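Please read the structure below before turning to the comments.
We just call them A, B, C and D in the order they show up, numbering each chain from 1.
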Amino acid sequence: MSTVTLYSVSYDIASLILHILGFIIPPANAALTNGNVITGLAVLVFGVILLAASMLNTILLIWWERKLLGRIMDRRGAMHVGYAGLLQNFADGFKLFRKTTVQPREADALGFFSGPTAYMVTSFLLFGILPISSGWNSGILPLSLLLALAIFSFAPLFIFVSAWSSNNKYSLMGGMRSAAQMIAYEVPLLLAVVAVVIVAGSFDLTTIVYEQQNYWFWGPLFVALIVFVAGMLAEMERIPFDLPEAEAELVEGWNTEYGGMLFAFFMLADYLRALVGSILVVLLFLGGWTMPSWVPSAATSFPLAGIFWFMVKTYIVFGLFVWVRASLPRVRTDQLLRVGWNRMIPLSLLSVFLAALLVTVKCVWPFGCIPSAGT
Amino acid sequence: MANDVTATEKPEQNPVLWVVRPMATAARQFAKSLFRPSTIVYPYERLEDPKFRDRLEVASGKPLGVGAVWDNYRGVHALNIATCISCNLCAFSCPDICIEMVTVPGGDPKHPKKCPAIDYGKCSYCGFCSDACPEGCLTMTTRYELSTPKRAEMVYSPEKLYDVFRSKLPMNPIRLARPANEDAILLDPPLCIGCNACARDCPTQCITMLDIPKPESKPGEKLPRRIWKEPVVNDSDCVRCGTCISVCPKECLFWGTHK
Amino acid sequence: MSEMWINMGPQHPMTHGLWNLRVRLDGELIKDVDPEVGYLHRGIEKISEDRHYNEVITLMDRCCYVAGFAWEHLYTIAAERALHITPPERAEYLRVLSDEFQRIASHLMWYAAFVQDIGLMSPFLYGMRDRDLILDLYQSYTGARMTYEYFRVGGVRSDLPPGFTDQARKVLDWLTPRFNEYDQLCLGSDIFHKRCDNLGVLKANDCVTHGVTGPMIRSAGLKRDLRKDRPYSVYRQLDFDVALADSADVTGRYLVRMEEMRQSVRILRQVVDWLDHHPGPVIAEELPRWLGAPYAPVGKEGYLLKRHYPKGVGFSAVEEPHGEAQAYVVNEGGEHPYRVKFRSPVFANISAARQYMVGYRVADIPPIMGSVDVCVGEVDR
Amino acid sequence: MEAEELSRALAPALGDRLTAVEPFPGTAGRVRFRPDGALDVFRRIHELGFTHLSTVGGIDWVDHREVFYVAWSDALKQYVFLSTDLPADSPHIESATSVWPSADWHERETWEFVGITFDHHPDLRHLLMPDGYAFHPLLRSFKLHEPEELEVKVRHV
């Protein structure tokens, strides 16, 4: 059985398209079915597949959140469009895309329009880096984790630009809060990642996943997991850390002035980032697409089983975020920052120390031993 | 004052439990509503629909039979044109002045039959009109969906209200407990000119004009120019609408209690 | 960043209703506040001058749209005093039944809005869900869910439908464990205490000086409840306690309201038992016909003078869910009141906003204002 | 505290500034006073323990205007009702805000609706009506609608 990878699928699709084209236009047949041309188109198809898949997943994620939130709140969530409201978000999306984008008179056009666009583009970029299953990535990037987190932390810049150029006091305050909060939680987030990196011995996400073949990291690195999840909540700006768009006092925070398509950009990018956050938790702590050895092999050996289990894990992790959102109130800015600097950084340092300890002692009951280096 | 303090000291705070308690409560709620959320799927299931009542009560997990209370709802009016006596009481009692009496076919040409037309753009659903209706022909039903693209369509003509009546919706059975000693229509005899206006316009035809003896004209004193009749009100038939009072040209009729 | 004024309202998620809180901010710190009201002013006092005594009741439901019954009760007491009418006892019990259910409904509405203000999402739906049961009960005996028009000067509109008391007991049984659930979601959470403790503090003395009443003054430890202090209606016969807290902050107001709901359940159980065993008339018998009864209006002057109208003034004060409401009805003879004056508790409570808001942060505005329980309908009237 | 008791407590200190103390249902009594001595009356009432001013309102009696105050005493658990008559051509009275700060908004409202000016009020501007509103809506001369209009609408015969 030849392994199906993302690139092989793209290559097949590209060659299929070009061969059909060549069949229709016989004179160009030879030029079109050239290996270089197919490779070039394959890269394009690769990007399109990533884009489509991430979009689709994001919209599904919004549906998942709406339904979960609904049930926790003793209601049903969207029910009208499609089966159990599955198509509701597409309907909402079409509505938003059809709406006029209103630009405030005093707003700075360059920042106002480029902010949300750049925010969404950088969020999409992340999907080019994250491996989804074995072979389903864009290639071997030795520092893919660092790259992902670097792109992830672009966001405050664009949020602040769009907030500033909206020329609205609420937007400005939201942007300020957003920048402060993201920078404050960047540090513990990275330190928690460092703990994982120490244990896995690599910055490559694929390697990190394969290092978890004996046991997933969430057990021994529980402290790091807590810090990472809290930091991720702050980075994703979800309750209880959604101060930048605290709708009770700041209307909608930094996207107060946005409507229509630009708001859809923000919304989509927010959920893209939420998806990336959940994926990172799965990759770093929950073994990615691998399953523990006691799982019957029938459950892990069907075609695309890796992607299936990966998605299941991702949606469950996001469900946890939703659960937190449904049951906790929002904290205040000063409290958030105090927790960030006073609690999270010591905790993350502790997690680094624990990781170093783990690497030293190698084996921990009841989890087992980390695999020896080089596997 | 110490024994009056009933509200409560703050519960002890456990930093370990931090966020666990609310999350556990939310999870419990989730488990419950996974099987039966309290909401209904509105356009497909309606509380006022008898078909859904029993199902809803069980399905939504509510302690209250939501359907059973629905009959009393004060929604769009139903008008039985056949029993309407055109007494105007609904229009008089309306605090929002949203009821207008319009002519409907069926009356004789001299006294056209007038029935209420209701402007639902103004109506506040207070139910004063159905309380006031002496014949019980104007009642309120469970219909509540009124949205329409045109404002003019918010005015329901008597025919439209009759359609509501014929649709056999449950009707609000609540009626005002009327006071026992209702006032009656009294006459100030010296002012009356016997013009018959009250008897003509009485919706229940409970006023009859009776002859009164024409007094002897004394020398030097002019008799008033009038018809020598006086209205007599049959109190058991009277619905106390006061139409006679309002049409009396001499203001000789008034509310009062019989001596 | 230099100081700036921002308008929180009239369309703002913090303002539950239509009003404007102008805030002067230094960064995130509140330096000054200036509430602006009047966006919902409908001139209820003026309209009342042109309405019959009973027709004013339709306005009372719109006065405070979450506590309509409290305002109906307030007005009917004042009007009855002005018109020298005594309602029958069963009507009084029905009024207390409506009042106390209204208190729970209003507090549930407050709970739903308040938790939304601090960012807690799901209890909003829980509060609304449980309030809906009370509205169902209201619907079963008044016919409406929010604008009841049930009280009449001299009694109430109609008696209870058969089987009502059993349903009421079911609702009370359902509600009692729910209050603990609410507490779990709020008091059980560390973040709630972090947000709400020592927030919006207004001590008892300042409450008195600035005319603040209701749960706010009780949260400051001052035992002030008109149901106990000057019992109106049949509250003298009922057994209940006054909810108090001593912290004078947002958490204190939360505790007071929660305890008030439990006390209301206690009152309601007594009322429901009483209603089961004491049938009787629900509207006064010696009620004059002209009292809001429909009749043909006559433009001509003089028609009205033909009968005797009693004169009088009526003053009443009731403990509304938001605080202490007062009504003053002047009856100068005639079928319309000459002047109706209402005192809204929320009006006074937000007039003191400067006292309990300056010095906190912008993120504290929603919880503080939420704990005041603003109902703009009765502020603007 | 009943009306006579209230009268006995007030009369010596206030003299002829006090016009009458009448029984008034629901309160300790209605204190009628002369408007020129208003501040003394307020202070005396405040000293008696009525520290909580509930409301201020006005009535337009066409030939004169009445302004009334309702205060509450926490010790006595009772209201007191104060009222005074002002001439219709220049209705003004001393503001109660120096005694009861809570009178602030209530006096603004009364000024706005009934046109009674409160001297030395710190901030007498429009509250419920828009700024610059030229009328006092609760005056009897301010009509909601013409009675003829109403009549035309419902007269049918």
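In the analysis below, a residue touches a chain if its C-beta (ideal position, glycine included) is under 8 Å from a C-beta of that chain, and two chains touch if they have at least 3 such contacts.
Computed from a prediction, not measured in an experiment: that's the story for all the values here.
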Review point. Which chain's centre, taken as the mean of its Cα atoms, is farthest from the centre of subunit A?
Key: D
Review point. What chain lies closest to the overall centre, CA atoms only?
Key: C
**Study point:** Top chain pair, ranked by number of contacting C-beta pairs
**Key:** B-C
Point to revise | Gap in Å, rounded to a whole number, between the CA centres of subunit D and subunit C | key: 24
Review point. Distance from the CA centroid of subunit A to that of subunit D, rounded to the nearest Å?
Key: 65
Point to revise | Separation of subunit A from subunit C, taking each centre as the mean of its C-alpha atoms, in whole Å | key: 48
Exercise for review: Could you tell me the distance, in whole angstrom, between the mean C-alpha positions of subunit B and subunit D?
Suggested key: 38
Practice item. Mind pulling the residue numbers of subunit B that touch at least two other chains? Key: 19, 22, 25-26, 29, 38, 88, 92, 243, 246
Check your understanding: Where does subunit C touch two or more other chains at once, residue-wise?
Key -> 122, 126, 129, 185-186, 189, 191, 297
Review point. Using the touch rule from the top of the page, what residues of subunit D touch 2 or more other chains?
Key: 150, 154
Revision key, fill the gap. Per the touch rule, the subunit B residues reaching subunit A in their complex are 19, 22-23, 25-27, 29-30, 32-34, 37-39, 41
**Study point:** subunit C-touching residues of subunit A, taken from the complex the two chains share
**Key:** 69, 72-75, 169-170, 173, 239-240, 242-243, 246-251, 325-335
Review point. Can you list the residues on subunit A that touch subunit B in the complex?
Key: 68, 70-76, 79, 323-324, 326-328
**Study point:** subunit C residues touching subunit A - in the complex, by the definition given at the top
**Key:** 4, 6, 8, 12-14, 28, 115-122, 124-126, 129, 185-186, 189, 191-192, 194-195, 361-366
Check your understanding: Contact residues on subunit C for subunit B in the complex?
Key -> 51-52, 54-55, 58, 122, 126, 129, 133, 136-137, 139-144, 147, 149, 152, 154-155, 157-159, 161, 167, 170-171, 173-174, 181, 183-191, 193, 197, 223, 241-247, 251-252, 255-256, 258-259, 263, 281-290, 293-298, 300, 302-303, 306-307
